[in-house]
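Chain naming follows the written order as A, B and C, and within any one chain the residues start at number 1.
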C-alpha cells in the first residue's frame, strides 16, 4: 500500500513538472502574440492593405506594397525551390541505393545548417553584383533556404509510404518512374505538401538574406530585376525609425507577418485532415 | 459461400448414388436368376466387382478429403458415414454374387416347390424395397425414414425365421432345394441388415447420434 | 497441354546469400500450384522470380531460365514491365493504394498503363470485382476509400486490382496470413474459382491451406526443391522423408 502511495506521489510530481514546463514554454509565445496584436491592431485599417509606404511626415499610408512584394518574392522562391527540393527528396527516397544519394543527403544536411545571412551573402556575390538588388536575387537566396527543408520533408514523407505499395504498383506492370510520380507521391501527398507549406512559412519571415539581396524599397513592385518591398524588412527598418507613424507600421507589418505564417499553419492543418 | 470441400463431398455423394443404383440392380438380377430360368452369374460378378472398386474409390476420396480439408462436425460425420455406406453397397453386390453362386453351384430353387419360390420372391421384394428406401434416404438425408426401415427389417427377419421353421417342419424337400433356399434367404436377410446400417449412418450424418435400429 | 512455366536451373541471390539453388520444375496452366516449406526456405523469392519482382530489391539477382509460355523472361531484351502485366501478384498484407477509392484502386493498373476509355475501365472494374467475389459487397461504395474495407475485403480488392489488367497468371504470396478464418475461407474458395481460367501460384506457410487449394504442391527446403507433385500425393504419400517430416509437423 505504501508503495502504491509513493508511486501516486511520483505520478503527481511528474504531471506537475510537465505542465509547468509547458506553461513556461507558452509564456513567450503568447506574450509575443499579445504584444504584437495589441500594438499592431490599431494600424490595421483598410488603408493599410491598399496604400504603399508613406513618405516621411505623410499621414496614413500602409504596407500594401510590402505585402505585394513579399508574396511575389515568396512565389518566385517557391517556383525555384519547391521543384528542386521535391525532386531531390524523391531521389533520396526512391533511389537511395544510388551512390550519389549519400553525397546529396550529406550536402543537403550541411545546407540546412548554414545561417541564412551567409546564403544571402552568397546570393549577393552571385546575382546582386551582376544585376543589382532585385527580387530575383532575394528569391534565389530564399529558394536555397527552402531546398533542404523541402528535400528533407519530402524524403521523410516518401519513406513513410510502405514498400508494399510500391511493389503493388510495380507488380501491375507500372514502370518505376510512373509508380513514384503517381502512386508514391500521391500516397504521401499530405506530408509532402505540408513540408512545402512549412518551408514557405519559414522563408516568409526571413529578413537577413532579403536585406542583403534586395535592400530597402518603399514603392510598389517594379519588376523582378528591381527590388520590392518586404514585410520582414518593414519591421526591421520602421521599428528603428524615429517617426511615430512608421513605428506603428512596423507593428502592423509584424502582425500581418504573424498572421501569414499562422494562416499557412492553419492551411497545413486543414490540408492534413483525414479525407476518408 | 461455396466451400472448397463441397465439390469433394458432392462427388462422393454422386458416386454413392451410382453405387446404390448399381447395387439395387445387382440384387434384382440375382433375385431374377433365382426365380426365373436364366444365367446371370457373369453379369452379376461384373457388377459386384464394379461395386467393390467404387467402394475403394470412395474410401480413397474420403481419405483425401480428410487429409486435405480438415473436415469437422457434419462434414466429418458425412465422410465417415459415406465410407461405411459405400462398404454396405459393396456388400449388397457381394451377397448378390453369393446368391448367384448358390444358384450355379447347388442348382438354385427354380425347380423347388412353389411355396419356396414365392416365399423367396416375397422376401426378395421386401429386401429390394429396403434397398430403395436406403437409397432414397441417402438422397434426402432423411432420418424420418428410419422408423419405416426398422419395421421392414423386422418383417424381413420374421420372414427369414418363418421360412426356416417351415423348412424344418416339412420333410418332403430335396436337400438341393434346402441348401439353396437357406443360403438365399440368409443372404437376403444380410442384405436387409446392411440396408438398415445405411439408414443408421444417415441418421448419424443428420443428427450426430449413433443409433442401432435392429 | 503445355506447362505455363518451365523453370530451368533457377538460382537466386540476395547479395552473397544463395537463396534458391538449381530449381527445375514445370507449372501447369489453369491449376493451382502451392509452394510450401519452412520460413526462409525461399518460397517468396521463388515466386518473385516468376514475374521479375525479385530484382527490384537492391542487391538481389537471379540466373537460369524461366520460360513463360515458352519465352525466357530473363532473356535479352525482355521488358520486365511487360512481364509483370501478364503475371499479376497479390501480397502477404493487403496493400490497397491509400488515398484512392475502391474504384480507383481496381482501375489503377489500367489507367497507369494508359487506358483512357471510361467505358472500358468501368467494365473492367466491375468484371474484376465480380471475379474477386467483392462486387456485391462494394457496388454501392465504389467511391469509398479502399482502406475503409475489412482486411479480407481489402485482400479481395487487391486480387481484383491484379485481375483488372487481365494477367494470365496470379502469384500469391501468403495471401491469407493476415486474415481471419472466415476471410481465409472466402479467399481460398476464390482461388479455386480463379483456377478455372488462371494459373495460380500460391506461397503459403499453412500446409493445410496448400492441401485445400492446390492441385500441385512443391516443397522447398533451404532453397532447394525437395519434392514436387500432385497435392494428393504429397499429402498422402510423400516420396521424400523430409517432406513427410515437414507436413506431419515433425520439424519446420
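The rule is short, and it goes like this: a residue touches a chain if its C-beta (ideal position, glycine included) is under 8 Å from a C-beta of that chain, and two chains touch if they have at least 3 such contacts.
Computed from a prediction, not measured in an experiment: that's the story for all the values here.
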Steps in the shortest chain-to-chain touch route ending at subunit C and beginning at subunit A: 1
Central chain (distance from its CA mean to the mean of all protein CA atoms): C
Cα-centroid distance, subunit B relative to subunit C, in whole angstrom: 49
Between subunit B and subunit A, distance of the C-alpha-averaged centres to the nearest whole Å: 91
Residues of subunit A engaged with two or more neighbouring chains: none
Residues of subunit B engaged with two or more neighbouring chains: none
Multi-partner residues of subunit C (at least 2 other chains): none
Touching residues on subunit B, where the partner in the complex is subunit C: 1-5, 7, 63-64, 67-70
Subunit A contact footprint on subunit C (complex, rising order): 51, 53, 56, 58, 81-86, 88-89, 91, 93, 95, 97-100, 108-109, 112-113, 144-145, 147-148, 158, 161-162, 165
Residues on subunit C engaged by subunit B in the complex (per definition of touch): 185-186, 188-189, 192, 208, 211-213, 231-232, 235-236
Of subunit A, residues touching subunit C in the complex: 97, 162, 164-165, 167-176, 178-179, 182-183, 186-187, 189, 275-276
